[in-house]
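Presented sequentially are two complexes of chain A, the first with chain B as partner and the second with chain C.
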Partner chain A sequence: MKHYARKPGSFVIYLALPFMFTLLIFGMGRFVSGGNAATYFAARTGTANILVYEMIGSAVWMTSWVVVEDVGVSLRNEQISGTLEQNFLAPIDRATLLVGMSLADIVITTVIFLISVGVAVIVTMPADFAGLLQAYLVLLVGLFPLFGVCFVFSGIIIRFKEPYVFVQIVNVLFAVLTGTYYPVALLPLWVQFLSGLLPQTYVIEDMRQIILANQNLVSLYGNIFVLVALALTYPTVGYGIFKRIEKKAGVTGEFSKY
Partner chain B sequence: MGSSNVSRKRLALQVNSQNTNSLTKIGGEFKAAFLKDLRSYVRYPAWLLGEFISTPLWFFFFALGVTLFSPTNLKKSTLDSFNFFYFGFIFIILFSTAVWGIGQSIRNEQQAGTLEQFFLAPVNRVTLIVGRWARVFLTDVLIIGYTTVIVYTLGNERPAMHNPSLFLFSLGLYEIGLIGFGLFFAGLTMRIKSYNTLSNMVFFGYMILTGALFPVDVIPIPFRYISLAIPFTYFIDLMRNAALSTSTILPASIEYLTATILAFSMLLIGFVAFNKIEEQARVKGTISAM
Partner chain C sequence: MNPVEVRSLSKIFQTREGRLFRKVSKAVVAVDDISFDVSEGEVFGLLGPNGAGKTTAVKMLCTLITPTSGDAFINGYSVARDQQKVREFLGVMLTGERTLYWKLTGRENLEYFAALYHLDSSYWKERIDELLEKVGLADREGTLVENYSTGMRIRLSFAKALLNDAPVLLFDEPTASLDPQSARLMREYIRELKREKHAIILTTHNMEEADTLSDRVAIIDHGKIVKLSTPADLKEKVKRNEVIEIQARKFSDQILIGLQSFSEVSKVAMAASDAADEVSIRIHAEKGKEALPRILEFLVRKQVSVTKVSFIEPTLEDVFIAETGRSLRD
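Up next is the complex of A and B:
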């Protein structure tokens, strides 16, 4: 949180990006179909509310962007400043340390959600304001699998040192695969299979269903069940991978190399 | 009379020789700067890999986003849109060269603590930056070519090119403008701490306002005036006109003249601004301050 308070510009960017991407996609859509853009959009997505549909995807994407980048970059900074070994030598569990790095992201995530999705809902469909709370809960559950991704990511940084490249690849992969601006049904079947392995796919889909199709957590129990299963699986597997890399790094002395 | 002619000829030879020497020197500096940057780049294969994986993915990301709005029964319209976005994608990659390629280079050197060493070297600063631009332009061309092959392989879509020589001319103007803009941006890194924030804002502003991904006439009227005040709007418009025979914002000949003046003005302004900011930073001792 101190980092964001010190550099408010980067925080503003996270808040502005969902609006900018939505504007960009909508502008391109308007060019392709002119006045009929909204009609074609509604035919493909089942809703004419372009703003809320796109902002939900944007907000979830930004959330994963913030979490992945924060963990990657902060770990790299510790490596460069030579404090990574000291942190890892402290008598606390590694998982606590790594999750601790991401805890501030819950606050950031909440603000992104309120500014992007919250404002879009209030402006375009104020009567459905109540759905926001359930959508927010889905978003929070979706953070747990992301912690698992971060564990793996931490291992990758210890091993390969270059967080920015991996952040760049992971961010765009998430954007393409999870249906940020389109339903995943548009993707080829084999890509849809990969999408099904990513938690954000369910988060985006569920949030859209709750806010735009008047569904609730109970009626979406199938997706919620998968999301909870991923919330348990990702951190467990991710931590296992991290521990393996960490053990190897301890033998080869990788921690202090950068 | 005869001796005065001889000394005049000698003087002329001396002047020519000095010109040749300084040109050779600049050429040598440029080559050294280009090779230095190329070597640094290939030293980190992860970066190369990252760019080659993520660039086509960004293209598909935008293309899929637009698919939601497109009619399914109009094949002709989809093909035109493909070419429009394909060229927009190229303009964006080249623009990112100026913002992250040229501008960011100063910040990278600052972070690595090597900026002072470079500035102490007996070479022109601008040559160093232009050398960097040349390397980034080379890798951009490779990435564009590679993405084109992928798009063609997956979607059987072939980019159109109506008038290649006019396109190259417009591209040249765009690149001259980009170098000027990049120099200005490189200077800003010595002044502004939140460089990433500024570069992101400028980059998105460019994508939304200059007609890179959709024509400026889609933009609502008060904002369209901003678009028309941005030089890049005209470079993009001319390149599209040359490649796809689209209509131009101004009458074509006037727009070419305007774009030429704008390109060289941008280069001049960028050069002057960079030198001025650098001079101020040297006086204040803030060249390495981040």
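Up next is the complex of A and C:
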């Protein structure tokens, strides 16, 4: 957290990006559909509140993006600077260490999310406080799978040392598959199947349903159940993958290569 | 049980070399069947040139690299099987500057690592104060590490290695890139730790450092321990020869081979000298004083420009030359 405090520029840009992306989509909609853009949007999404709909997608995407990019890049930087070895020399289990490394990013991005979506909701008032609170609960559950993504990412970076390649792949996949800017239902069926494997799909969908369609956690129990299952599965599988890569890294001496 | 027990430890790296689609797998032996023990209050030096396998050996001991075969035990725990337990008993200083967070202050760095080592928060404040005082950084504890000098960073890194007061300490080239005064201070700290009964493994390619600090020295070359004993004992074994050191210019490998053909000469090794375009040649010779005029005559005939000739007391470098035929500074 102190590292972040000493690099305030990234915090400011992360805060501004969801608004910028939403404006971009807004502009593209106008460009493609002209004066009918809002009508088409409402017909396809079931809501006329473009700002909140897109802000939820943008902010959830930003959360995943920042976490994946920061964990990947900072791990690589630590590998280059030598501090990664130092961390791995400590008598602390790897899960705690990796959660610790990811936690600052996840806290920061959650703050970004709370501010950006909070502002959008307050401005347009589509939901009451209880709705907003439930939406944030969904977000909170949706953060756990990100630890799993971070574990896998940590392993990949230690092994392949090219964070940006993987960051870009993951970010594009998240943006395309999770319904960041459009309903997943518009995608081909086989793509929808892939979307269903990503927790952020459920986070975005459920938050939109709660804030924009007056649904609640009980009425969305099916989606919430899947999200909780993914929240448990991702970190477990992710850690397993990391441990395998770590074992291999010990054999090949990857920790010391930079 | 000794705090450090190393048994037939080996590391072979598999590398792939060559062009894309024509890569050939190649086995590189970094550490080759080394065994030694380090007892309480002992400084054990691993001396060898760059690339000899010292750092790989240390990294296996501190669990960063998995051995290919053999094992090592830190306080009875296997580096291959009980890695987390091993880390509890180790204080490690790897290449000095590359171990710290530059955007944190000196104290923050120590606090961060104290937390990773599960040190009790009431204890760590006192311990950090003590260590910062010890390494002379108490008055700069609030400065970001990026504003420290190289020497200060290495001292902080040293303090970090001592945070958990581990019984076994591994120092990898602790004085490399330090100025003479800081290096002297660092050696003094290491002597103090020896008095406190820590088992210390020190890797270095600095023969004076290995000589003055180590109770025993293992000379390592191409991953193998070629000699292991006390510095005095190691030097004693080369004392039957006289050691001539010649500083010269316009020296070549051909002339080196020529020197080796002298009947009195047992070993010759060449290393870069401190002075530009000058080399330092070490000649181990029986009856060196008698052979010297003929050696000089040979060098003059070969148009070598000799700038200095001296007879010197054998050092650990001479032990290395006697064993490998090469200089530590090759």
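Note that the second predicted complex is superposed on the first by the 254 of 258 C-alpha atoms of A that agree within 3 Å, B and C clash if a C-alpha of one lies under 4 Å from a C-alpha of the other, contacts with A are read in each partner's own complex, and residues count from 1 in each chain.
Going forward, a contact is a pair of C-beta atoms (placed from the backbone, for glycine too) under 8 Å apart; a residue touches a chain by one contact, two chains touch by 3 or more.
Computed from a predicted structure; not experimentally measured.
Undergrad: Once both complexes are superposed via chain A, do chain B and chain C end up clashing or fitting?
TA: fit
Undergrad: Return first, second, both or neither, reflecting whether A:Asn77 touches chain B, chain C, both chains, or no partner chain.
TA: After superposing on A, A:Asn77 lies clear of both chain B and chain C.
Undergrad: First (chain B), second (chain C), both or neither: which does A:Val251 touch?
TA: Second partner only.
Undergrad: Per the contact definition in the header, classify A:Ile169: touching chain B only (first), chain C only (second), both, or neither.
TA: So A:Ile169 only meets chain B here.
Undergrad: Between chain B (first) and chain C (second), which, if any, makes contact with A:Thr236: first, second, both or neither?
TA: Neither chain B nor chain C is touched by A:Thr236.
Undergrad: Should A:Asn216 be classified as contacting the first partner (chain B), the second (chain C), both, or neither?
TA: It touches nothing on chain B or chain C.
Undergrad: Name the contact category of A:Ala90: first (chain B only), second (chain C only), both, or neither.
TA: It touches chain C, and chain B stays clear.
Undergrad: Treating the CA centre of chain A as the corner point, state the angle out to chain B and chain C, nearest 10°.
TA: About 80 degrees between chain B and chain C, seen from chain A.
Undergrad: Please determine whether it is chain B or chain C that touches the greater number of chain A residues.
TA: Counting residues of chain A touched by each partner, the higher count goes to B.
Undergrad: Least CA distance chain B-chain C after superposition, rounded to whole Å?
TA: Checking C-alpha atoms only, chain B sits 11 Å from chain C at its nearest point.
Undergrad: Residue by residue on chain A, keep only those touching chain B in one complex and chain C in the other, then list them.
TA: The overlap between the chain B and chain C interfaces on chain A comprises residues 7.
Undergrad: Under the touch definition given earlier, write down the residues of chain C that touch chain A in their complex.
TA: 13-14, 56, 59, 62-66, 68, 84-85, 87-88, 90, 92, 94-95, 97-104, 108, 113, 116-118, 160
Undergrad: Chain B touches which residues of chain A in the complex?
TA: Residues 7, 9-10, 12-13, 16-17, 20, 23-33, 36-37, 40-41, 44-45, 160, 162, 164-166, 168-169, 172-173, 175-176, 180-182, 186-187 of chain A touch chain B in their complex.
Undergrad: Would you mind writing out the residues of chain B in touch with chain A in their complex?
TA: 44, 46-47, 49-50, 53-54, 57-58, 60-62, 64-72, 77-78, 81, 84-85, 194, 196-198, 200-201, 204, 207-208, 213-215, 218-219
Undergrad: For the complex, give me every residue of chain A touching chain C.
TA: Residue positions touching the partner: 2-3, 6-7, 81-83, 85-93, 97, 247, 250-253, 255-256.
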